[in-house]
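Order of writing sets the labels: A, B, C and D. Residues in every chain begin at 1.
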Amino acid sequence: MNWPILTVILLLPLAGALAVASVPAHRPRAIRAVLVATTGATLGLAAVLLVAFYALPNPAHSGLSGSVHGQSLHRVQSPITFQFQEQASWLGSLNLGHTIPTLNQGNNQVDQAAPPPINFSYHLGADGLSVWLVVLTALLFLIAAVAIRRREPRLKAFAMLMLVSEVGVLGVLLSLDLILFYFFWEAALIPLYFLLLGFGGERRGPAALKFIVYTVAGSLFMLLAILGLYFIGGAQTGIYTFDLPTQILIQAAVHGSPPTSLTLFGHVLRFLTPQQWLFLAFALAFAIKIPLVPLHTWLPDAYESGSTSFLVFFAGIVSKLGAFGLIRYCLPLFPGPSHTFQPVLMALAVTSILYGALMALREVDIKRMIGYASISHLGFIVLGIFALSVDGLNGAILQMVNHGIIIAGLFLCAGMLEARFQTRDRRVLAGLAGPMPILAGLFLVIALAGLGMPLLSSFVGEFLILLGAFEVSPAWAVAAGLGTVLACWYMLRLYQGVMQGDRREPRTGVVGARDLRGVEVALLAPLVVLIAVIGVYPAPVIRDTRFTANQYIISADRGVVPTPARPAGRTVARPGADPRP
Amino acid sequence: MSVHLFPGFIGLSAAMFAVGAVGVLLRRNPLVVFMAIELMLNAANLALVTYGRFTHTMDGQVFAIVVITVAASEVVVGLALITGVFRRGRRLDLDDLSELRR
Amino acid sequence: MTGPLGMAALVAAPPWYPLHFAPASNLVEFLPELVVAAGMVAVLVTDLFVGPTHRRRLPLLTGLTLLAALLIAVGEWVGHVPGRPVFDGAFAADRFGLFADFLILLVALAVTALSPAYLQRRGLESGEYYVLLLAAVTGMMVLSGATSLIVVFLGIELLSIPLYVLCALNRDDALGQEAAIKYLLLGGFASAFLVYGMALVYGETGATQLGRIHQVLLHGSLAGRTDPMLLAGIALIGVGLSFKVSAAPFHWWTPDVYQGAPVLVTTFMSVATKVAAFAAFLRIFSVTFGTAQSDWAVPVALVAIASMVFGNVVALGQRSLKRMLAYSGIAQAGYVLIGVAVGQPDGTAASLYYLAAYAAMNTGAFGILTALSGRGEDCDDYEGILGLARRQPLLAALMALFLLSLAGFPLTAGFFGKLFLFSAAIHDGEVPLAVWGVLTSAVSLFYYLRVILTMFTEPGGAGEPVQVAGMTFEGGAVARAQLALVRPALGTRALLTLFAAATLVLGLFPALVDSLIQGIHVVAG
Amino acid sequence: MTIGHTMAAVGAALLLGLPLLGFLAISLLGRRLSQRVVRWLGPGVVLVAFAVVVVLLVATLSRPAADRSTTVVLWQWLQLGVPRWHGIPGTQGFNADFAVTIDPLALVMAAIITGVGGLIHVYSVGYMAQDRGFNRFFAYMNLFVTSMLVLVLSANLVFLIIGWSMVAFASYALIAFWYERPSAVAAGRKAYISQVIGDLALVLAAFLIFINLRGPSGRLLHTVSLPQIFANVGPGPHFHAGLGPVGGGVVTVIGILLFIGAAAKSAQWPLHTWLPDAMEGPTPVSALIHAATMVTAGVYLVVRFHPVFQQAPVAAAVVAAVGIGTALMAGVIGCTQYDIKRVIAYSTMSQIGLMIFAAGIGAYSAAIFHLLTHAFFKALLFLAAGNVIHAVGGEQDLRRMGGLGRRMRFTYPAFVVGSLALAGIPLFSGWFSKEELLGNGLVLGPATPWLWVIGILVNVLTSFYIFRVVWIAFHGAPASEAAGAAHEAPRVMLAPVLVLAGLAAVAGILNVAFADWHPISWFASFLRPVVGVVRTHPAAGADGLALLVGTAMSLGGLGLAALVYQRRAIPADLISRRWPWLYQLSFRKFYWDEIYDAALARPVLALAQGLQRVVEPRIFDGAVRGVRDAVAGLCQDFRSFQTGYFREYATVFFAFAAIGLLVLGLHLT
């Protein structure tokens, strides 16, 4: 790939936003056209990226990554390979805080230790983890663009904010520089905040405030952690950089070395090593974004009051960013702490699984209920990540894609119901399978995928995740498995409550219900097809992703204490054992 | 003036400063408060001049003159403002000026 | 140079020897300040001699003055050999001071541009206003370049006294009068502390020029040992400067004065004063007293934390926009103080960057209030901006941008400002400062976003009250408050958009301004 | 080389593809497909599939017994392993292919599924003719057949599990077929959730095997392919090869987990409660899924995994005990039920209990053979019952039937044949299968001969309750005008019934085995390559004795029924008067539903409600609100300093200045 495809992917939605801005607000048709065209083109480019990635001779294995300035690091092999890297200094690498000469009459200077230049750069790259998420992002944004409700009063603003947030999300997925990452991470929040604030349901105001305060409060600590990483690594290796690949190498080099000479953190905080504090700061930000119980309370409110097409990408992608961050940043940057805190995070994940499932069981507001179900599913993803085994991580990656598709489908269905019956109370609806069989059928497939029906997408992911967890601790895996039983329960409650049962009962105005229009079918169909295809034949999705997953596990296994041998220790094949064909 | 008087002058200026400060804290009449502030400034002037004398530099005196000048102009503005505020027959009490709070 | 030798030098060259005093080159170094001062006189005279009909010309004249000063300053920056101090080390037009001058002059220009419409609406048109404005600007520029305690004091008073008057610009406004009195008395009180502190420092070092003081602390008799009187002096100077930058717990005047003064004056005061005062703060503490940093770092850090906590927390409870921004200003002062506490050189640079960002975003935020303020009163309460996004989308968007920047979101100036400050803190091991900064930033989200929330919430009809983030709006009050607002003219909106652009540029391409800061050198005397 | 790989592959592809095609066509085209087409398409695909099975059977039989098992990989499903590359270590991840095995056991199951299934499809054409959801019904039925075939053909544990839970879904969909009946919907959900519990158990078993299975060299295999598992499960030269020593902990746990899966599918205690409710579905569904095929999958699973169970005697004993216990319990319950379908359902539960028992004691071919004959006569009974219900207008209560024998000239004898076979009356198919099964019980398995005694008891109960049905439903006077106006079923519904009646009558010959001149029956020898063969003749006459006693018991039960319900010699309410608690226990199905509701469903829902009412708002949201209120309180406190009074400002200012002065001046830092 000799042209900067990643940058183009990033700039395309931005250009689209400008194009929308140029269209007068009173021509919604044109705005929709631009919007759909842009998102569609982005999807096309994402597909190109995917194909190119798969076309690489050996996708995850083309040599070392990241430029290493320090001699001391050359022995360290790069754990993770990023493709299509583009790097450009961000308007001149920033040398903030260089010595400011101090002149006196004697013209002699106050000489002080020159602090390192803060050099962050515009550095993009993709690996097997991000390519699929990029494709998913593009797809969901396209679907969301089509799904914007008719007669949306402030369509123009919605379209622009949506495209800007797409830039932010893609930036998070593609950036390889910590500052750039944080930049996109926060920048994506602003349009999302306004989308929630300006276009949501009745209780949108508090929901939006809650959402953004939660997330920002978490990510501010991540910002501190990024700085801490920068200075700790710098103090130990003399390389001050925000560049992710380099920083990974640095952490690989300094791992296990005696704690930094930099006396970070006062005496109070000495009971954890700086790396562990930094890990916690990162993990906190991601856990809030995912979210993990008990940091989840922003989610049901936000999902309840978000508009449908907003939820398609908000629930579909944004919640994945947290999991993505856990994989992309926590595992390779903090191998040691990742293993130290593995039990904690697995416990939190299982808690989320069961808690979300139980809450979903009682919840009557469909959108909130899907929100809790989503918490449960994301718990699975985190469980898979922090099983720290190849199976679990592959499952988690796969499940991130699956869950994006499924949750989007569920919200589309919920939105279609809400649009028809002006209610989100599942007790009010009943027996819709009769009047609207098409919706019933599609909804059934999506719901089944949601409860982990085999040959539908999420079975594969959950199976692998449970396997990975089982390798570490069977107890957690069994507990998580109970989550699948509960999932079956609440999904059937939802589906049967809405679609089945006697619709001649009172309190239902559903007799004259209209079945889906062509557009609506066109919205759901691709999702359903994807669900089925991935479920029946997941091998292609994993084919190259597994290399990446392997690398992340290896990079995380650098943090494993040699004794005793972990159950998951088998992930790294011993020299003797030939991998099976 | 000889060296052993040096602490005396500094002590005097400190005392003047304290008296002025107490005046500012205790009195409610803006004019009195203003005079107290002038007293503090003059305490500073005394210190400046003393130090100037004992470090054999002119800066102290210069500084004192500057301070006096500035204080004078401040008084001008201040009195104008105070009269402006209290000209409508309000009694001279700073505690009346507590509309802006919290 | 110190002690007897220094005295010998002074005796050899008596101060009143004219040639020793002001050679032409000094005037060149001092030119921007002279221009502004001259402009002030010109405006005064013009105001005396032209009739009320020609009052229009005054803002023009003011603007031209400021512009001229700005151009000269730029020229000095560009063609600058690292500046030697002039007036016997009393003043230096070094790039450090020039950087502050840029900010001051730009803000002053913006305020001047906003003035005519505002004053006209509020019926406050008067020539003195512009005179006082220019006087204050002169004082600020003097302060930013002052390298002698005397001149520092001079500058501070020169900028304060006009501001006292400006606060009381509206003679019929009791609140304005009250603000003025409080400002005046507390200001005088603080100056007394300042001067006394200066006296102590002078007494211990035998010099008023910062450079010489620095030399004494570095090589002189005081080198290495800590002298109680000197430290007491430093403490008192710190108190006086903290008052000027309105840092807690010396901030008490700030909310009252910002709320009481006409919002236009508040705009000017809240930004320009802070920039100038911080210039002095940085110069005196980070450079002159740099060797004693181990002594004053902790107190300054405490003051910074106090400001961040107090400002942000109290701002939560405000129902007056001006007052809310005043408390946010206190918090912002706390952030800048992080840089001071960290000290030379990265702390200084970070503070400068943050001051630039602050100049852009705070001027913008206050500027919008100014632009919205109508005939009756300033745009000061949330009722007025309820649903502003629908009525004036542009202004609402700009306001949102400025507030997000104040909250420190990426894409905006505030983000890199905070980033650099925190990184300086962490690098110098002052992690608690950074943590407090982060915590308080999280708190600050509430009140910044609440304004945005209000702007984006539709006002209900006459009957039903609207609930926004814990505030209740009665339909009637909303209608009344909104009637008071005006739709600013195109030029005003363009100006505010410019500031928004500046905020974005500072937030997207920090290197632009940072490269300026790279070129900076500080003259300590 | 066995039957050609290509042939096996093509055959398997056809087997799976045909019903799947039917399902996709009908479900995607939906209403656009006219009922006339579906009427042919639905049963057609299944019958063609049956033809394929026959072909494969012939091909297999034409082989020597040694190589009658073929495994082909259809496609690679997952491949997580990564080869070592340039110093980056490789990994052994999870791998799974979609592979199918064609062997005698699979073929027998496939034959039952497609053969009996085909007949039932034909029957459904008539039974569902008037239903609005005709197409939907056949779509689900075809999906079910597909899933069932995936289950029995899969050569990979993962795909076995996949088929396992696809079947569960199909059964759910068909139970809740009349989705406007709340009772049907609830029954469907109940069935599905029980199934999911079983699936989870299977998945965990798969994990344990995947993690623990070692090759002869003691190296971990990380495989879920059934042939590899069965090849390596036994103890090898290496001291921890396979799954460890016989009766080891791991293998026992695996066995138990497998059996939990089987129990969920086969409605064995404690996961049995869903089966009776499942009768809410249309009768053909009950016949196909809940009698002939799906519920017997548990037996298939145990037999398939007999290498594992042979390693885990404890688990096998548990299997046997639970099976026979369930058989007895279900028999007891069956005696007092009045819903004709429920009676047959409980008899199904009971018979499957016997099969499980057989599988548990190691009489695999006997279990599978009883599975075969049971498929015939139980499908027959259900379809005949379906005719009856059809005839009396949807009435299912025995007490409102009666005298139907005279009006339904074909259905009546068919039902009787089925009953005779079920009761194990000599020379009917059931006799051969059941008596062999029980005979093994006398000599094999744990706690002999007591489990056998229980089995004999079950015999009595079986013939008693089924002939109770015969006499109440078909004899005596019509108990309702509907019964009086009953009419024989249409031809399309009769034909399958009669075919099945024939099979139920004569299928026994497959298993003719006599002590001396024909020691091993044809069927057993056919299955031998897969399950081996058990010694049925430990001591001369032992099984003769078993045969005599068992037969006598069956006849006794018949006679008892005759005495009670025909001769009226014994009052029918004898038990209910003499021992009411016993009657209640049986009539209330041992209160399992109530127990589960009180012990599982309600607590979970209560817990969820607790979380929703207390934890979420009070604790999680409460913590957030707490922080917010704390900050707000702080805000109020701070604001109270800002009094607006000049002198107070000055005082505080002065105080802090003094503090600063002291701190620095006295050098306290």
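The definition used in the following text is that a residue touches a chain if its C-beta (ideal position, glycine included) is under 8 Å from a C-beta of that chain, and two chains touch if they have at least 3 such contacts.
On a predicted model such as this, the values are computed, not experimentally measured, just so you know.
Chemist: Look at the interfaces B-C and A-C and say which one is made up of more C-beta pairs in contact.
Modeler: Of B-C and A-C, more C-beta pairs in contact link A-C.
Chemist: Using only Cα atoms to place each chain's centre, name the chain farthest from chain D.
Modeler: Result for the farthest chain: B.
Chemist: Going by C-alpha centres, which chain is most central here?
Modeler: Ranked by how close its C-alpha centre lies to the overall one, first comes A.
Chemist: Give, as an integer number of Å, the spacing between the C-alpha centres of chain C and chain B.
Modeler: Here chain B and chain C have centroids separated by 25 Å.
Chemist: Nearest whole angstrom, what separates the Cα centre of chain A from the Cα centre of chain B?
Modeler: 64
Chemist: How many angstrom lie between the centres of chain A and chain C, each centre taken as the mean Cα position?
Modeler: The answer is 42 Å.
Chemist: Please report how many Å separate the Cα centroid of chain C from that of chain D, as a whole number.
Modeler: Once rounded, the distance between the two centres reads 79 Å.
Chemist: Two or more other chains touching the same residue: where does that happen in chain A?
Modeler: Where chain A is concerned, no single residue meets two or more other chains.
Chemist: Residue numbers in chain C touching 2 or more other chains?
Modeler: Answer for chain C, listing residues that touch two or more other chains: 181-182, 185, 189, 193, 255-256, 317.
Chemist: Indicate the residues of chain D shared as contacts by at least two other chains.
Modeler: Residues 639, 642, 644, 646, 650 of chain D touch two or more partner chains.
Chemist: Per the touch rule above, enumerate the chain pairs that touch, sorted by label.
Modeler: In this structure, the chains touch in these pairs: A-C, A-D, B-C, B-D, C-D.
Chemist: Flag every residue of chain B that touches chain C in the complex, lowest number first.
Modeler: Its residues touching chain C are 10, 13, 17, 20-21, 24, 30, 33-34, 37, 40-41, 43-45, 47-48, 50-52, 54-60, 62-63, 66-67, 70, 73-74, 77-78, 80-82, 84-85, 94, 97-102.
Chemist: What part of chain D is in contact with chain C in the complex they form?
Modeler: Interface residues on the chain D side: 631-632, 634-636, 638-639, 642, 644, 646, 649-650, 652-653, 656-657, 660-661, 663-667, 669.
Chemist: Considering the complex alone, what residue numbers of chain D touch chain B?
Modeler: It comes out as residues 639-640, 642-647, 650-651, 654.
Chemist: For the complex, give me every residue of chain C touching chain B.
Modeler: Chain C residues touching chain B: 6-7, 10, 15, 149-150, 153-154, 157, 161, 164-165, 168, 171, 174-175, 177-182, 184-185, 188-189, 191-193, 195-196, 198-200, 202-203, 206-208, 255-256, 259-260, 317.
Chemist: Applying the document's contact rule, which stretches of chain A touch chain D when the two form their complex?
Modeler: Spelled out, the residues of chain A in touch with chain D are 58, 61, 77, 210, 293-294, 296-297, 355, 358-359, 361-363, 390-391, 394, 431, 433-434, 437, 441, 448, 451, 453-455, 459-460, 463-464, 466-467, 470-471, 474, 477-478, 481-482, 484-486, 488-489, 492-493, 496, 499-504, 537-539, 542-543, 546-547, 549-551, 553-554, 567, 570-573, 577, 579-580.
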